[in-house]
Amino acid sequence: MKLLRRLVPHPLLTLLLTGTWLLLVNGWSLNSLVFGFMLGILIPFVTQPYWPDRPRISRPFKAIEYVLVVLWDIVQANIVVARIVLFKPNSERRPNWITIPLDLKTPEAITTLAGTITMTPGTLSADVSDEGHCLLVHCLDAPDPEAVRDEIKQRYERRLMEIFE
Amino acid sequence: MNHLLIAPVLLPAIVAPFIIMVVRHHMDLTRIFSVASTVLLAAVTLALWAMAADGTVHVYELGDWPAPFGIVLVLDRLSAMMIVLTSILALPILLYAIGSGWDERGANFHALFQFQLMGIMGAFLTGDAFNLFVFFEVLLIASYGLMIHSGGGRRFQAGVQYVVYNLLGSTLFLFALGTLYSVTGTLNMADLAVKAAEMPADDTALLRVGAVMLLLVFAIKAALLPLHFWLPSAYANAPAPVAALFAIMTKVGAYAILRMFTLVFGPDVAATTGLSEAWLLPAALLTLIAGAIGVLGSKKIGRVAAFGAIASMGTLLIAISLFTETAAAAALYYLVHSTLAAALLFLVADLVVERQGPWIFVNKPMAQTGLISALFFAAAIALTGMPPLSGFLGKLLVLDATRGADLAAWIWGVILVGSLITIIGMARAGSILFWKGHGLPQDEEEPDETDGTETGAKPAHLPFVACFALLGGLVALTVFAGPATNYAEQTAAQLYAPADYIQAVLGKEAQ
Amino acid sequence: MESLFEFLVAAFLVIAGIFGIVGSYGLIKLNDPMSRLHAPTKATTLGVGGVLLASLLNAAAFGKYFSVHELMITLFLFLTAPITANFIAKVHIHRQETRESMPSAGEDHHWATHDTPEDEEQ
Amino acid sequence: MIETASQFAFGCFALAVLLNLWKVVTAPEIADRILALDTMFINAIALMVLYGMALGTSIFFEGAMIIAMLGFVSTVAYARFILRGNIIE
Amino acid sequence: MSLFLIAALPFLGAVFPALLIRAGRNAAASAAGLTTFLAFTGLMLHIPAIFRGETVFAAVDWLPALGLNAHFFLDGLGFLFAAMILGIGLLIILYARFYLSREDPMGQFYSYLLLFQGAMVGIVLSDNILLLLVFWELTSLSSFLLIGYWKHLPEGRQGARMALTITGSGGLAMIAGMLILGHIAGSYDLSVILQNKEAIQSSDLYLPALILILLGAFTKSAQFPFHFWLPHAMAAPTPVSAYLHSATMVKAGLFLMARLWPVLAGTPEWFYIVATTGLVTMLVGAVIALFKDDLKALLAFSTVSHLGLITMLLGFGTKIAAVAAVFHIINHATFKAALFMTAGIVDHEAGTRDIKRLGGLRHLMPVTFTIGMVAALSMAGIPPLNGFLSKEMMLEEAAHTVWNGSHLIVPVLAGIAALFSAAYSFRFIAHVFLGPKRSDYPGHPHDPTPGMWIGPAFLVVLVVLIGLASAKIAGPMVATAAGAVIGGEKLPYYSLKLWHGLTPALYISIFAVVGGAVLLALHKHLEKIWNALPRPEAKTIFEAAIRGFTLLSRGLTEGLHNGMLTRHATVMVTFTVAISYLAYQSGILSAATRAVQDPGILPVVGWFVLVVATLFIVAKHRNRLLALVLIGAVGLVVSLSFNYLSAPDLALTQISVEVVTIILMLLALNFMPKETPVETPAFIRMRDGALSIIAGLGTGGLIYALMMRDFAFPTISDFHLANSYKGGGGTNVVNVILVDFRGYDTFGEIIVLGIAAVVIFALTEAVLGSKVRAYLLNREPDLPQAGDAHPLMMVVVTRVLMPLVLMVAAYIFFRGHNLPGGGFIAGLIAAIAIIMQYMASGFSWAAERQRFFYHGIIGSGVLIAAATGIGAWFNRKPFLTSDFGYLHWPPLEEFEWATAALFDLGVFLAVVGAVLLALESLSRFAWQPGIGTEHAMDINPARDDAADKTGTEG
Amino acid sequence: MELLVASAVGILTAAGIYLILRRRSFPVILGLSLLTYAVNVFLFATGRLVSGAPPILNKYEEVVYTDPLPQALVLTAIVISFGMTAVVVMVALGAYLSSQNDRTNMPAEPEGAGDDE
């Protein structure tokens, strides 16, 4: 078991890579699967020193839900932002900084949250605080910063807490 | 299909990575492998020389693809001569580098040295124009490394100039090759020859541009004025053994001109006639004068050697630029001579620099003055073309071969006046270095305490062995001038009868 | 059915085009640097996404083979765009803002970009 | 219909590239220029995919993917240079 | 004894003293003397044959291609000279042994001397004029060493260089002359040339050849106006002067004129050039000699004068004058060598050779006085000594010579020269030896050891004997030698005797001797006049000329080769453009055969971006970071263009290379100034701009012209397209070309990359091994630094991204043979994946986790590629012959294998290793203590909070 | 299309040469980069311009391919010039660090030595 853990340090990554290979070769065949799986084992093994600790994902199915939520938000927010960009005069726009205190602790979780914020239009993660307890978010147009903060914490951070911690 | 043809390229190409990988941290082992490889290389090239001596053109089809579709190596008398010259030049230089401790003053000297040899060998052996470019780059990039070996502000600055200037040259090379390919649809040199000869008379302009750009590229390497500016500071600032090895680098340019402008754009090719008549010879004459004046005007011993090398390139290019068989024969003899002579002068200059610095100025007697001054005297005689060494014979051959030329009076005048200026310059340098300030030499020679020779175990006589080996080469070239010129004549004859070469490379497809 | 796919592909293309241009337009129109950062990283990402979806759908419906590898491009864009934005924002904070001009960093002292070596020595 | 939409998209992204160029050239701040260049990379990806779709080939896929992968590296390098001077420290 | 051996012995002799340096002075002298003696004896063995009028030959071919062969011959003339050279050489060797002091390196001296002797013997024995040239130049070189023997004396060095310059330049002219002469005669062998008088003298090239050869002879023999080097050569030790200026070096020119006399003499050109030069030299030398206070200078100018005399005689072109010339050559050699040795003795013993400080030595050095007096009287032309005889013959010939219609001019000037000659000879006797003894000699004059005076005494005996019994003693020799000079023709009537009756010569002679005595009496007054006369000092003029030329050379050299890259590059570009244009306009451009393609919208947009970005780079290049950002835009467009124009492989390569290059430049820029200052004036920028635009028009026009025409012949790539799959096993033709058709190029290319990395590594070592290291360790960043060197988000994303990118690299690698990709691009991508890691977590952190050493990766890459190529040998195929096939391992489907993939693996490894070694080296520049962290990211709340809980960290 | 490519080559060449003629090593390196683009595009264009016909053999149908050989040559040239660029950047850096000066022109040497007599 220990040997297996050393050989396959990141099982999820191995799966991800195998899937990636199939995506890359753009087709499904036994050869591809076998070969992709071999690479999926080899590459994490080779790169293991750069990722010494192993992130825990406690509830993988929550992750799928999360992805769907984010995708939907992206589509929705894109339209909002497009309207702001196209039609809202600069003078009426209220850009704002928001500080989001973090309950998340692990770097993987924080990064996912920050990435989500950036990918959903209208908000953008700009920085973390010097000890990593807060996230600095910039809003394109946020007359009410508290509302945005609460929504982020509610909609994303809560779900990520469930997934990662 | 004789695999020996690829050996001069493969041997250093394998030894160099081996040195880097396995014995990089063991200087002694590195030296042993480097010397052994070079000795073996000399043996291989001599064997190839023997193969080529009967006039057969040997072809090696890499990847088993027929010419002109794949790349071929071609061994004829000229390439055989050049690879032999390279390997027998390399050996004493390598011994010098070891003996003088130059090789330990920076990392990876021996690997770069082997790579350099690989590049030169490749350039001499290839029968493909683009592959010539590749091997030019191999030898150039190795030379960049050797040039800045052991570092130092001024050397780096000279290195920047050297690299930038040569990169411009490499760019021009690509422009030229692109043009030639675009016109003829081929890269193989023999095939280019066939195509150039068949070029329609009303479609010559672009081929001419390509050909002349190629000539300019080679002229840069051959240090033809006004494309020679890279040479003085590069050679004068390079470590001595490297500068000595560089003596063959200018000859790569000379070789390439000889090769391409006899085989491909030879005197009989209608489309490219008159490309160089108007300017190549005058430029060569000016090169000789510039070199001679430089010898006289230099304040540093290294620059004296560098300008001496330029002057000798001037003489060589004069002979080449006539594009006649007899002049080519003279050029080939002179080429061998000037390579050995320039290398010797660089090494001797280093013996001086090691003892009293680079300036032509003396404030203290140096160790081993007698030996060094004798070597300097010999090197100066050789490079200035004074008897009894081969330089004089080479000069006579060139004069003799150029007597029929339109500008014969100019050629003779320039060669002779150039010799005179060089003689005055060398006498000036030599008398200041070895006479001035040397009152009465001590019989007891103090051990040399200058840096670079501090490693006690180092055999201090090795540098002298190297110098005398080069000198021995010059003497041999003098004594066996008959056979040597005979070979040169046969080589020139082969060059000016390119049909055999083309037939050998293209086989049945040749017309 | 085919016309439905055709319509979908065309729609994706139009949407993509619109978002693409909006993103780059925003880059010019928006008047403060931090806001400009929003335009491309969002709209362009969907713009490219639209094209990729169109391509995927197009290949699936009309091509000779099923093509999914466009997803890889999306994957890389989604992974890298936040980092790009993060860094450009940090450049902005570094060059244009001071500790004082920034909002409070909550329980921590300041934002990481303004972290200087002297702080670490404390 | 796809043809027309495709032309439209081409036009949009080509125009977008020109807008990016405008910003690269005129932006007062280096950060804006980097941003505009990064955006240009992304628009270029779109153009490549569009072109491949128009030709009915997937030959451009790798090009687009590698731009997506590597465009980010140079952007980060520029930014790191401004932030830290040394991009590998 | 073979002529080869005679010619070779002195050279062998030159080696022994050098080897015997440590064996002592006597050993060196004995070795030199023995070899010379052997050679001399060998020569003497030929006496019977020579005096029978035969010629001895010895020939071996050396450089037949040129006609330069080791052909020697010995006839009367050669014998005479060889005998003098070796005979006087023996005396000099003896003399020098005692003359040189303990501090002088004796071995060196004898080596040089014998080298010189060998060269001289070579000259006189050569039957090949090219061979003669070899020895001729050797005498210049060896005399350079001899004259400069006393290195510590500036006059020695200057004199040596002056002699070398003058005689060397004459020698060079002579090379040309000899080549022309040989060309006319059809051979370089003297024995052939001497048979071709008609052809030579009727040739158009006669005059140039004559002038060039005479330049050589005149410079060597110190003829006016080249005479001035000779007195300065007196800085040499006296044995050298005695040798060079009596019998040898200066006589080489005379020898040459005598040697070529049969074919060159007898024309008006010859007469007016040679005779006039000789006459003027004779006069000038004699006059100057009278006013020299330095004994050796006096003798030097007298030598000049006598050389002029002989030259004049040869110039007359008559056979009888030639006889006189030969006779005077012998006589001059005897008395002049004796005189030099005498002067040396005086100098050696009295401590000075300044005539003004001498006098009265007759009492202190009777032997020396006797020798000197006899020799000087012979020089003055006093009977019954040998000098008188030949001078009489000279005056006789002069009296019969008509110069440009004038019967008087030659005899009168010759008479005046004889007058001065007598005067300075008398002065040599009177002012040195006669008069009262002085009390203020610098030394303690007394006669030297016999070793020093035996030589001159022997010569003086000859002087007297020849004078008294000339026909018996010198007659045969003169006849033989003169016979050789006039080309074997019948000798005219002459007789070598003291009394010829009351001839014009006798009157002139009496006038000269008496006048000479008068001049000596008036010397004090004449000297005043002489000193008041303005006279050009040849040495000063020469030195000024040389110095001026040296300075000019220095100015030109330093001015042109001054390391101004900007200028050098400007010249190069200009020259290239000009020559290329010349080549273009001298050819014919055919009509375009292709139509212009209509560009769509994308190319126009791309072109626009490229052009704007490029121009903007030029405009804004001073802001270096901005320029790099813009380069990124150019690279992007170029990559897209490749894609658009059907070159996906190129597009991939271009974009990957772009990224790595930019990273590299940013790493370097970190240490360099961030701005480029304005340094060039506007007009230079305008000039550079104009030149650049012309060059741009050139390349743009060229490629346009090329693109608008079809290939003139079918291109070889048709073969590649046709055979890529069949023979190379791949459908990506570009890749098959790279790894198969032209795999050898690729082999070279990866080696270039490998070398680049090795160079960079070595350079890094050199820089970090120098004082720069200290600077780097203490270097403060020149721009304010933001915090958070290793941001959390970047690190986390990299952890996921890196395996993904490596996966892509693997994908690109494996598909390369059939689809765009391949080892090179894969290598770059893999390298970038690792660079990402370096950028995210820093060099130190990542390097600690580095499992492979880049040197090894590069090396193994090259070796794998090489081994793949060599593998073909076992298949009896050439290097790099590829092979491929298909495998079926159930349950897997059939798949292809190809050796090309192994080769490509070599490429992959070399690229990865090279890129990373380069970047790693650069990163080492920036390393400072404390820069690295033990953590991958600077901020990590999970880590910090855990630490807080355990209390291990504050 | 040809005109676009040709003019691009010309402009890149001109810009490259202009920068190479500057006096500091960094602009010279920038110039070399631009010149490299120019020559690579030049070399590429010698195969004539064809769009949408990459030389990837199609097993199923007869199609036109562009000339693959110049592409292979350009690939080699790109790789080589990459190596060269890396080296020149490093040498320039070495020169700058060793002399605190990034001028490409060599400074005049100190009149270190005396003269001949």
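Should a chain be cited, it is by its letter among A, B, C, D, E and F, assigned in written order, with residues numbered from 1 in that chain.
Just so we're on the same page, contacts are C-beta pairs under 8 Å (C-beta built on N, C-alpha and C of every residue); 3 or more make two chains touch, one makes a residue touch a chain.
The shown structure was predicted, so the numbers you read here are calculated from the model rather than taken from an experiment.
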If a chain touches chain A and chain D alike, it appears here
C, E
What is the minimum number of touch steps required to go from chain A to chain F?
2
Of A-E and E-F, pair with higher C-beta contact tally
E-F
Computed distance of Cα centres, chain E from chain C, in Å
68
Using mean CA coordinates as chain centres, what's the chain A-chain B distance in Å?
62
Averaged-CA centre spacing for the pair chain F and chain D, given as whole angstrom
23
At what distance in angstrom does the C-alpha mean of chain F lie from that of chain C?
33
Please list all residues of chain C that touch 2 or more other chains.
18, 23, 25, 37, 45, 67, 69, 72, 75-76, 79-83, 86-87, 90, 92-94, 112-115, 119
What are the residue numbers in chain B that touch two or more other chains?
130, 134, 137, 141, 144-145, 148, 151-152, 157-158, 160-161, 164, 168, 175, 178-179, 181-182, 187, 233, 299, 428, 431, 436
Which residue numbers or ranges of chain F touch two or more of the other chains?
20, 25, 28, 38, 40, 42, 45-47, 52, 54, 56, 69, 76, 80, 83-84, 87, 91-92, 94, 98, 104, 106-107, 116-117
If we count contacts the way the header does, which residues on chain F are in touch with chain B in the complex?
20, 25, 28, 32, 35-36, 38-40, 42-43, 45-47, 69-70, 73, 76-77, 80-81, 83-84, 87-88, 91-92, 94-95, 98-99, 104, 106-107, 109, 112-117
Mind listing the chain C positions that touch chain D in their complex?
6-7, 9-11, 13-14, 16-18, 20-21, 23-25, 27-28, 33, 36-37, 40, 44-45, 47-48, 51-52, 54-55, 58-59, 63, 67, 69-70, 72-73, 76-77, 80-81, 83-84, 87-88, 90-92, 94-96, 113
Touching chain C in the complex: which residues of chain A?
20, 23-27, 74-75, 77-78, 81-82, 85-86, 90, 93, 95, 97-99, 101, 111, 114-115, 118-122, 124-134, 136, 138, 140
Given the complex, residues on chain C that touch chain A span 18-19, 22-23, 25-26, 29-32, 34-35, 37-39, 41-43, 45-46, 65-69, 71-72, 75, 78-79, 81-82, 85-86, 89-90, 92-93, 102-115, 119
Can you list the chain F residues touching chain E in their complex?
1-30, 33-34, 37-38, 40-42, 44-59, 65-69, 71-72, 74-76, 78-80, 82-87, 89-94, 96-98, 102, 104-108, 116-117
